[in-house]
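Down below is the structure, laid out as structure tokens.
The letters A, B, C and D name the chains in turn, as written, and every chain counts its residues from 1.
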Amino acid sequence: MAADRAHTATLRVHCADRPGLVAALAQLLYGHGANILDADQHADARAGKFFQRIRFDTRALHTDRVSLERGIGEVAERFGMRWHLRYAGETPRMAIFVSKYRHCIYDLLQRHEAGELRCEIPFVAGNHPDCAPIAEHFGVPYHHIPVPRGGKAAAEARQLELLAEHRVDLVVLARYMQILTADFLEGFSGDVINIHHSFLPSFIGSKPYHRAHARGVKLIGATAHYVTAELDEGPIIEQDVVRVGHRDAVRDLVRKGRDVERQVLARAVGWHLDDRVIRYANKTVVFA
Amino acid sequence: MAADRAHTATLRVHCADRPGLVAALAQLLYGHGANILDADQHADARAGKFFQRIRFDTRALHTDRVSLERGIGEVAERFGMRWHLRYAGETPRMAIFVSKYRHCIYDLLQRHEAGELRCEIPFVAGNHPDCAPIAEHFGVPYHHIPVPRGGKAAAEARQLELLAEHRVDLVVLARYMQILTADFLEGFSGDVINIHHSFLPSFIGSKPYHRAHARGVKLIGATAHYVTAELDEGPIIEQDVVRVGHRDAVRDLVRKGRDVERQVLARAVGWHLDDRVIRYANKTVVFA
Amino acid sequence: MAADRAHTATLRVHCADRPGLVAALAQLLYGHGANILDADQHADARAGKFFQRIRFDTRALHTDRVSLERGIGEVAERFGMRWHLRYAGETPRMAIFVSKYRHCIYDLLQRHEAGELRCEIPFVAGNHPDCAPIAEHFGVPYHHIPVPRGGKAAAEARQLELLAEHRVDLVVLARYMQILTADFLEGFSGDVINIHHSFLPSFIGSKPYHRAHARGVKLIGATAHYVTAELDEGPIIEQDVVRVGHRDAVRDLVRKGRDVERQVLARAVGWHLDDRVIRYANKTVVFA
Amino acid sequence: MAADRAHTATLRVHCADRPGLVAALAQLLYGHGANILDADQHADARAGKFFQRIRFDTRALHTDRVSLERGIGEVAERFGMRWHLRYAGETPRMAIFVSKYRHCIYDLLQRHEAGELRCEIPFVAGNHPDCAPIAEHFGVPYHHIPVPRGGKAAAEARQLELLAEHRVDLVVLARYMQILTADFLEGFSGDVINIHHSFLPSFIGSKPYHRAHARGVKLIGATAHYVTAELDEGPIIEQDVVRVGHRDAVRDLVRKGRDVERQVLARAVGWHLDDRVIRYANKTVVFA
């Protein structure tokens, strides 16, 4: 049943697994005239958890959104579900934080321009001015927020202010070379996705390409993960690798790594924006 | 909800897409006490087709199998569904056809021994005697059925006889170097999976490695597909590739190709045996 | 032996294979004080051909370039070698031809900006105006050369004029949607690299993503090749693939394909610019 | 120049990098009538090290092997080279150590049977009897050497005795679940290759699949490395990965891991046997 993308909604739920979950939700949606376009579900048998993502067509709804949401709320209460519903019109708002590296921001802005990333980008913020012309080229406001020694608290306050002002849902750290404090993470109610330039948990911390070269690994990788207060320990969304060999110096690892970094980040951000990711137990379910 | 694998059943359906399909099936299964463990569905918007695979726990069924199947049959009739239900106890029966190449049969029998392929293997048949010791090592009967010039009809008759006698559901052509006739395919009610040693539709027909070498491609591949009367044109189940370069002679392509052939074939066969594949319109939906 | 990249030269040779080739060249270079940094060679036993790429340090040359080249010329004559020598200072000059697609030109210009592609880019030419702002952002002149029905000869004449004026060595067709005529190819003495949006020889010709979708393949790919008068039949430099499935509509193939197109093209162009590719017999030797 | 594989020899050298190395060796071989078939070299600029592998045809040697080796020895002394020369007739001798897992030993023995691994396999040794029938099927003697608590010294003594008796050059640990002691490694003059079931340095130590599952990684891998006294820290020869997702339980990681383990091990062993690997500084140069 072909659906105009503009008239869809996506529901994500997770809860303890119990019989009747799938039927209850399907029945409820059917009862309201919501035609299911896609549904993907997963039961983690060991954790006893149930996860589902349902995308449905809203054009034939018999009822209004209030009734629909009340109905979902009732089912959710009955089964102890956490749920999240997004209508196609409610475009997520994403900010990008950068430092000096240009490959990830170029990639994200170009994919956004090409219609690959379903979001609005109210601003880019950088602790250096280097990427300002790129944002400008794509017509996105750039805020230069330096982070001098001893000035992180003030910088983060300014960042939080901008995030609040622009009602940002998602911050993407596009090779942003500053560690966000626990205060920042508490102060921001949305999600933060980072791209780490190694195949985590290998080479946690700094200078992963140098350490990969020293260890003589034959593949290097990149990892996109949600940021938590534990550095490099947040839930992993996506990873990929690229082959390296004895001819590759550290600078070649850096160059090859750029390609895999930007692809991994783009996939993770795209899935997040399409409501395909559910976090639990420091892991992710990705309905890709 | 952890399920003893022995007490599950898998339902596959496909039909024209319509509202209410998911709810109707979920409700029906719930009503019978069948707890859904996994469900995967797909709607091909362009073709207007709906596909679903549901695996459920049968331990808490309130009713017997006859009632359950009658219920499914009624829903199926209402929606014009084609459906297929398999209980975990009904192990599929797979025969393997071989010629002289050993890598695919070794791989399949070893995976079977390791418990990776959920099937019984009543026999292996070969038009040469070469693979007999392998079958013997794994305790599988081997039938040597030569196909001399002019003798294909007789050989196929013997093959069909064995397939019927052993109630075989699936024939796997593990680099079987004979083309099956339309008569054979009509005479066998089950499915036939072949491994073609190229990345179809590149190099349809014979000697694909020689032609890949002549063309100077940088990747070679393999394709597992259902066999139809159109040679190399049946629905593709799985494909993969491996990198080659100017240092690789034809014999290196053959060697590298063996690895990708056996992996692609094993994945395709495993998915088929787990009822993860639905054929339609000369394509496949693979709920992997 | 670390070498300042600025003081290197790269010699490529190919000829009929004979004993003594490697020793003769190595001895000659050593005699002139050229220290070999890298050497890669290949003998195609079947074709009886020998290929070598030698990169050497020019800082300790005892002689001048004229003497060195005379020496190489003498060895080459003795062995019937074709040879090509490029000093690090002689940066190749690359023009980019585009139509409306933006992903490949963005990718090439961004990699050039990042120092990944060792070349100068005197201009971009497009038969549409769409990509002009991108060229402008990167500070590269853009020439809009429309190709109206019946106007290809005039357009190609203008292109050839620009190529000659800017002494261009390499034209990259970055999803340029026009077929170059045999006249153009004869009129341009340099190389032309094209990116084809399929895994050649699959889906030669137009609309490969539509045909890949119709055939139900499980991987799609892209192919970078030298352009010859035979459409889609020139020597392949690089190929890669990406996995697709039943959930992917044609527009998803197009989106996924963009990623693999730009990577494959960038690798091929990079290797060409580093003098890593030798063409022969409608194939390539790539010393990557 | 096509060479009968039986009449080739392979020379590997490494030393501090200096001008004239390539010329000296090429000249020497040419002088003795040894026609170079392949040569691959690498200079690690940072470490100031030079590595080369030369395969040459011995049929047209003007001199005998003693003279040739004396000549190589003289060049080696002049440049401070370590060198290793193997004639095609000197087939390496490989022993396989196993425990209960069957996939790696099957894979190695089957590849050996198919002519992919250029070695003799005088025996397989296992601390359990499980794999004896596999060795028997392939006609390889099996020694059951239990390693009871407190009995490792005796077991290793028996292993060393067998290795000496059969003049073994290479021991492959095909998922052998015992840690070899420093005494064993000192007592055995050949090389030992291990397959570790993670993408090192991720998940060093035991139960990597369980830990990968707990961490929620999206790729799992395997690493083939030379065994040193530092557990899981020896020089890496080869690595590869396979994609996993939220649907994969630990047992699925184990199953998927088996495939990548056996491929990675087979590639590493094959390269080692073809004299393609040079160890230095706890890393490897692999002329693959």
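Criterion: contacts are C-beta pairs under 8 Å (C-beta built on N, C-alpha and C of every residue); 3 or more make two chains touch, one makes a residue touch a chain.
Treat the numbers as computed from the prediction; the structure is a model and nothing was measured.
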Task = Show which chains lie in contact with subunit B and also with subunit C.
result = A, D
Key: Taking each chain's C-alpha mean as its centre, the one farthest from subunit D   = A
Request  = Please report how many Å separate the Cα centroid of subunit A from that of subunit D, as a whole number.
outcome  = 42
Chain centre separation (subunit A, subunit B; CA means) in Å = 36
Sites on subunit A at which at least two other chains make contact = 42, 45-46
Query = For the complex, which residues does subunit D have touching subunit A?
reply = 42, 44-46, 51, 199-203, 215-219, 221, 235-241, 245-247, 249, 282-286
Key: List of subunit C residues in touch with subunit D within their complex   = 1-3, 17-23, 26-27, 29-30, 33, 35-43, 45-46, 48, 60
Remark   = Residue positions on subunit D within touch of subunit B in the complex are 102-103, 106, 110, 113-114, 116, 133, 137, 255, 258-259, 263
